[in-house]
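What follows is a pair of complexes built around subunit A, which joins subunit B in one and subunit C in the other.
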Partner chain A sequence: MRDSVTTTSGLLKISLADKLTFEDHDNFRELLKLVSNNDHQRCEFDLAELHAIDSAGLGMLMIAYETAQKVGMKFTLARPSGQVERLLGISEFDKVMNITH
Partner chain B sequence: MDAIIQSRKERATITEFVVETLEMEQNNSTSLETIIEHNTTEGTFLDVARSASASSTDSEEALNFIGKWLNLSETQRKALNIITDEIGLVSDLVETNINDISSTFRELAQHSRTQSEQVSDLADAAKHIEYKGKTVDLAEIIQTIDKHLTDMIGKIIDTSKHGVKVVYALDDVATDVEKVEGLISRIEGINKQSHLLALNARIEAASAGEAGKGFAVVAHEVQELSSAVNTLALNMREEISKVANGVRRGHAQIKDVANIDLSENIMVKDTIQELMDCIIAQNESYTTALRSSETVSKDITKDISGVITQLQFQDRAKQRMENLSDTMGVMERSLAAFEDRTLNNCDGCKASSILDEEWFQSLIEGLTLGEMRDRFMQAIYGKDIPAGLIETVPTNAAKNTQDDDDIELF
Partner chain C sequence: MPVPETIAPQMEPLYWSKQKTNIRDAKILVVDDSALIRELIGACLMTDGYNNVCYAENGQDALEVISLEVPDLIILDLEMPVMDGFELCQKLRLRPDTKAIPILIQSGRDTASDITLAFEYGASDMVIKPIKKYEILARTKVHLEHYFFVQKLTDFHDRIASELEQARKLQLDLCPSKKELKNLETLYGIKIGWHYEPSSELGGDIGGMIPVNEHTLAFYIADFAGHGVAAALNTFRLQSWLYSQSKYFEYPSKLLEKLNNFLFHSLKKESYATMLYGCIDLKSNVLTYAAAGTQPPLLHTPENDHNFSLCNSNGMPLGLRENWTYSNRSLPFGIGTKLILYSDALVEVERRPGEFLGEEGLKEEVSNIWKEKPTPQDLINTIVTNFQSRLGTEAPDDLTIIYLENSGDKNG
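Entry: the complex of A and B
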């Protein structure tokens, strides 16, 4: 997984690329720390460049959502595509969190 | 020549009389006796016969002519009689067959109704299945499967989430254990220094002699204390080491569990959903076809009922044939009465024994059914059928009707 973080006027934007699997859990934890710092009103995970995800990856996105919820941040998964979008759809993530296309 | 002209006139008069008589009899407006009386009074037929007997030559010719006429009348009576019988046979044949056909159609209608009901049941059953003695709707089953799959996927996501959380927690525990191990190392270091310090103090106390005895006791106690602390630190290190090893093993195992990719299992829901959609589409297709078949069966039943109703024409046909038979009977009786009157009123008149076979042969040739032909010939000739007629008629008739009695039904 590759990641990049940008912040603009109350928005913490975390862009993920390549694939998100259990192997990335250490790196992902660092991103979670950014979320839990509660420095912004909104948190967006941009998944446009993320091409694959496994069940642990889905679990990590769910942890990110819960972390943001805990600190009162609005949470969004943005622009998922391909296998990632399909898995998010089957898993009905849209019933839990906001997903924009 | 005059005689021939006269003969033709007489024949024309007789023919007109017969036609008139038959028409009047058919109209049933005048009795036979009245007709004969009327014609006698008017001096038509019998007068002609009587006047014809005035001269001997003409008389003989007239008597021959009347004889032939009487013979013709008798033959025609027999023909009318056999026609009446044939009409009766046809009526019975039609009635029997129409009754059979009606009965068959009623059975057909019943079968069609049964088929319609069975198809209807089948169409209803196509939407349900029997499960543990209960009837369950197919759409409900699919909804249930979808719900179970959604629950299962939710649990997979939840398990993955908790797996990662446990890994994070054990990461923290491992870090904390490492910190504790560091602290124990520091305790051990301090304790080592304390031990050395106590040893130095004892050496210094021994050098001081009597004055250092008290200090030597304290130094000894400190050394003992240091040894106890050292033993405790060792025990702690051992215990912490056990805990650290347990945490590391657990950490490794939970990583293995969390690393199992269940995304393919999640994808199965999509496949199952597509299969279910296919089943529903196919089921709807079958149901539509069955409903259509049910409608067709109902239409067939309705059509058959219509046919059965239309077959009631047989009643009307039978009545008409009975009317025809009655008319034939009247015609036959008219001819018989006319023959009697002729014989009674004409001295020397008698029916010719020679049958005019020309018209009868043409009549027989027109009959294409051998069985019917035989009955006609038997009615006219009895058992003495002329050999020439037997040879000629079947041959000519056979040209038109090969195997006419053996109707091939399909």
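Entry: the complex of A and C
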């Protein structure tokens, strides 16, 4: 997984690229600290460049959502495609969190 | 030859948890045709606390000593009558019980060709005469520590491998046996094909068949996130829970709701399971199922000619959200209708660089295989062969494939 973080006027934007898998657990934990420590109103995970996700990765996105919810941030998964979009769909994540295309 | 009386402080010997664990208890065999050198080396070792030193005068004599008890280290001279050090070294390296013993050569032969030959014959290390006390003690310590450490690691590895193998057998026992499947086929008039293959010794996939009543057969496929020991233990947890809930066997959505809450409270955060649980009523020929984010099963009806279609299997994976509602979906499951369930590994392989097979790709592939009118097991075998050819160097995930067909020849 590669990631980049930008903040603009109340938005914490975390862009993920390549794959989000079990091996990324520690790196993802660091990103979650940004979410839980941040005083922005919104948090967006941009998945446009994320090509694959495994079951562990899906679990991490749910944790990210719950972390944002705890600190009262609006949470969005943005621009999932391919296998990532398919897995999010099968798992009905859109019934829990905001997913934009 | 002067041997200093004082000995430099040594590191504390290593202690292991089992058997011979203190390197000072190591059995050391000193092989030299000179009684003086044997005594000298023995004295060096004993002043440093080694209390299990034995001696041999030549290679042949050493073999006899070794036949009584294999030592942990051999300090070996090269030039000896009857059998020299080169030959002994060579012989020991060919024997399974002695091939790994550290052999420390001590010799006055110090030409490049002598040294090369000694290492070629299997020496672990070499010190050149005259004997220097500190040098021989330091080398002895290093080789013994290394030897004990590797032995400990090997023992640990072997124990874990053996325990995992036993656990793997237990996990395979969770799958229905061929005999059980055959019985179900006869009782319910259904054809069943089954393939289960864990990625490593243990896996996170589980599947099963549950006879509900005389005309209803339930089935399930589940996949815990990840694989290995933790995921495998969760498969046992799921199965124990499942068999304590017979009152829900006929009600797929209710069963998933109960199971979801059970797993929500018992699984570690981030862990979850995908699952599909269904009941086939062979009297009304209806399939009712509920799904929790598992891969969409492939369905084939006789009217559909060769083409399989994908069933909706959307649903929140189990254990992620408390009190989630699952819905039942029903389909006609008349004679000749077939259903194929599979774990995600099957479609999460690349059919071309950067392009996953996906369920659509699998649907096309299975429809094509079906044109050849294979038996259920041949169909599964071809799917598995294609899967394996796509794996390349990547380690596979657990793979489960279940084939169910209403054959219409129910007995009784």
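What we mean here is this: the second predicted complex is superposed on the first by the 101 of 101 C-alpha atoms of A that agree within 3 Å, B and C clash if a C-alpha of one lies under 4 Å from a C-alpha of the other, contacts with A are read in each partner's own complex, and residues count from 1 in each chain.
Basically, contacts are C-beta pairs under 8 Å (C-beta built on N, C-alpha and C of every residue); 3 or more make two chains touch, one makes a residue touch a chain.
Because the structure is a prediction, the values reported are computed rather than measured.
> Touching A:S55 in the superposition: subunit B (first), subunit C (second), both, neither?
Both partners, subunit B and subunit C.
> Looking at the overlay, what does A:I90 touch: subunit B (first), subunit C (second), both, or neither?
Once the two structures are laid over each other on A, A:I90 reaches both partners.
> Would you sort A:R29 into first (subunit B), second (subunit C), both or neither based on which partner it touches?
A:R29: touches subunit B, not subunit C.
> For A:G82, is the partner it touches subunit B (first), subunit C (second), both, or none of the two (neither)?
second
> Could you tell me if A:T21 is touching subunit B, subunit C, both of them or neither one (first, second, both, neither)?
First partner only.
> Can you list the residues of subunit A that meet both subunit B and subunit C?
Subunit A residues touching both partners: 22, 54-56, 58-60, 62-63, 83, 86, 90-92.
> Give every residue of subunit B touching subunit A within the complex, in rising order.
Contact set of subunit B toward subunit A: 150, 153-154, 156-165, 167-168, 171, 255, 258-263, 265-267, 269-270.
> So in the complex, the part of subunit A that touches subunit B is made up of which residues?
Those in contact with subunit B are residues 21-23, 25-26, 29, 53-56, 58-60, 62-63, 66, 83, 86-87, 90-92.
> Considering the complex alone, what residue numbers of subunit C touch subunit A?
Listed in rising order, the residues of subunit C that touch subunit A are 223, 225-226, 269-272, 274, 293-296, 313-317, 320-321, 344, 348, 354, 356, 358-359.
> Tell me, which parts of subunit A touch subunit C in their complex?
Residues of subunit A touching subunit C: 22, 51-52, 54-56, 58-60, 62-63, 82-83, 86, 89-92, 95-96.
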